[in-house]
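Chain IDs A, B and C follow the sequence of writing; residue 1 opens each chain.
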Amino acid sequence: MEGGLSFLIFFLIFASFYSLSSLGLNLQWGFTGLFNVGIVGFFAIGAYTSAILTGPPYADTLFGGFGLWFPLGFVGAMVTSGVAAFIVGFVTLRLREDFLAISTFGIAVSIQLVALNFESLTRGPNGMYSLPRPLAGYFDSSTLDNLLYLIMCLLIIAGVYWAFERMVRSPWGRVLRSIRDDEIAAAALGKNVFAVRLQSFVVGSAVMGLAGALYANFIGFISPLDFIPIFTFQVFVMLIVGGSGNNLGALLGGLVVWGLWSGSDQLIASILPPTIQTQAAAARIVLIGFVLAVMLLYRPEGILRERRIVSREARLPNRE
Amino acid sequence: MIQFVADGIVNAALIALGAIGLSMTYNILRFANFAQGEILTIGAYFTLLVLGVLGFGIGAMGPVAFGWPLLASIVVAVGTTSIIVLIVDWLLFRQLRDKNASRITFIMAAFGVSLMGRNLITLVAGGEPKYFDFYIPKTFELLPGMKVRPDDLAIVAIAVIAFIILFAFMNRTSMGRQMRAVAENPTLARINGIDVRAVIRWTWIIGASLATIAGALLAHNTQLRPEMGFDMLLPMFAALILGGANNLYGTILGAIVVGLTEALAVYVGLSGYRAAVTFLVMIAFLMVRPQGILGEKE
Amino acid sequence: MPEPVLSIKNIEAGYTPSLPILRGVSLDVFEGEIVTILGPNGAGKSTLIKAIAGLVKISSGTVSLEGRDITGLATHELIRERVAYVPQSENVFARLSVEENLALGTLHNPTQHASQRRRVLDLFPDLEHLGHLAAGKLSGGQRQMVAVGRALMAAPKLLMVDEPSAGLSPKLAQVVFAQLVQVKQTGVTILMVEQNARAALQISDRGYVMAEGQEKVHGAAASLLENPEVGALYLGAKSRMARS
């Protein structure tokens, strides 16, 4: 029983990282129509930032190991991932939408390389270990420690959810959707399309960075191998399955897809001989890709459809 | 010092061969094909397969460490890779076109195909690196201070021949004209009786053919891994953007810039950051000239 | 009555299923005629031509060509039926040379390329020495010639032109209209959309006036010129344009 409960808590903590990232993507893609192919890059920036700010000093790094209080690590993670988003967004958001996709992909690739090679900052392939776990040690049971961490994650998600819901219902959110649905009309209404898109992109990426920080400080060890493109892909699938344009859908998608993912992990580990487990893992990715393709083709709106929050008054009649 | 130029040009030839397909899908199918890297990879694995079936090794041409067996295998692989790519288009992208899906949906689907492709290759061929054949690379001094391998010269020659054929096709044949017409204005193209479906098929075939050549030559030069093509994706995208996304000549020019930049990065000791340096150059370039070297404003 | 070259019966069509733009339009074009569709901005004139060309989905009604039903024909098949269409805007391939533009006109009759090219260059002698230039570099009037010229390369029996005089000076517009008369004299039937009602009707045999997705009046060109109802519709259009 204890084992089942601690597994559930562990599972939900991981689901939180994904759901939070999916929520960030929803602001960018679901509400603004901006596509981010480098989710894992922003997640990694957040993770490394928090590791550097809150982690211990290492003998072989030249910078970092500040051992700061964890909320500072989280804030720092949001700032650095937000700044990275600002730079790519500032350069590419005025251009054709593929350029943003390509540039975010570039961020993810570059961050991986920095993590791998900039050893005096990130310890390269050796990774950064012994990162402090916030809120640990209040109980003598690790399950209860984890429960406390989960509660913190849930509170953070609730906060972000609440903030996003307020944002998308505000006049700002109305502009966001009118841009997504009809950029020309929004521009004709005199909205500063560029600024609003940039704001949405930066905030969404900062939330992904926050998710990365939560991950790093929970696991206590990060290395470049943790930040591979499959993560980006998982978050897409989560948002599509959950229903893009719907914040609750984004959270639900995170939970459901992570459930299937880790469930199949367990299944593979328990029923298949170790010799073919690599293949099984590859087969699973192929399968998930198939699910994505089917969703894109037959139910692009996801499980939960977008709720029509706004009237369409922002649309212009008569466009040639 | 000028060694990096030699390395950069070989690099550029491979990037350009791969990036032509990217440029074509970008302009004709109108999305950034994140699965382009896997086309290189699949082409190279098919080449490996055919080499194994033939059983002659990779041959040799004088000082060049590959010969007709490799070239013949590439030709066969060009065919099989094109067929695979056409099947994927038929199963997925065609349906998205029929549904008038947004460009982002295409990008996402391509990203999914990329990941599936890589894992499918791992599943079928295994994840460990493979080699076409064992050979001892020879080098000679082409210019004072510039060592090249005969293989590299052959690779650049193959790329140049491929581009000459490509541009003759694009400028001199009816299908080439039709492809350029669809790239510019698909509606007007249809009004003129151009069957866009045929143009799309040719787009995939040309892109996949050049990508197969790139993948096979890259695998010959380095090693064949399921991630080989994916690692080329960012340099290829950078070539596309730097050169001017709506101009094929620009893509080649962009590839030269990227190839030289990466070789320079290696030369100054930043080999671990090759792709990141490319990315920074791309971002910097976008700031000053977003339409690329030869591109026109959209 | 002879069989019409083009016959449209009661079509409904629109860009989205929920919002029909054309609400029951009928129209006939007979061999050798110039027929002009008039009407205020937003009346659905371009949409009608696009529906014939298969660019807009027709939800009911029929389009027939010499008695054969071609409703819902794929756009790229149209030229095989020898129907050519010159859209209102972006009607040349700007990055292709003039010669390449013309060559794209004979995709389905490549053997006729030389003879058709001769015919087009005789009609538009100005294009003769511009052949190697990118069409995007030409002036508005020259582009219009390339667009019509490319359409004629297919040796069409029906030519549909959407606002050929749009954006041209009154003088150039007169030139374009005179050229369309010449085209007609070579045996091509013409269906034209125009805003420039008076000038267009002067070269037309018959006209249709559309408003709000419906055909309101039709008749011989001369009678339309004098019809007060047409004037009213047209003035209505002017004031509406002024407001928007």
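Simple rule for what comes next: a contact is a pair of C-beta atoms (placed from the backbone, for glycine too) under 8 Å apart; a residue touches a chain by one contact, two chains touch by 3 or more.
This one's a predicted model, so the numbers in the text were calculated from it and none came from an experiment.
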Can you tell me, using the touch rule above, whether these chains form a line, ring, star, complete graph or other shape?
line
Chain nearest the overall C-alpha centroid of the shown protein atoms:
B
Between subunit B and subunit C, the Cα-mean centres are separated in Å by 43
CA centroid of subunit A to CA centroid of subunit B, Å:
31
Taking each chain's centre as the mean of its CA atoms, subunit A sits from subunit C at a distance in Å of 52
If you look at subunit C, which of its residues touch at least two other chains?
none
For the subunit B and subunit C complex, residues of the former touching the latter
174, 177-178, 180-181, 184-185, 187-196, 296
Subunit B-facing residues of subunit C, complex
53, 55, 74-80, 85, 87, 90-96, 100, 103-105, 107-108, 110, 150, 154
Going by the contact rule at the top, pick out the subunit A residues touching subunit B in the complex.
29, 33, 35, 37, 87-88, 91-92, 94-99, 101-103, 105-107, 109-110, 113-114, 116-117, 229-230, 232-233, 236, 240, 278-279, 282-283, 285-286, 289-290, 292-293, 296-297, 300
Sort out for me which residues of subunit B touch subunit A in the complex.
26, 31-32, 34, 92, 95-96, 99, 101-105, 107-109, 111-113, 115-116, 119-120, 122-123, 127, 230, 233-234, 237-238, 241, 245, 272-276, 279-280, 282-283, 286-287, 290, 298
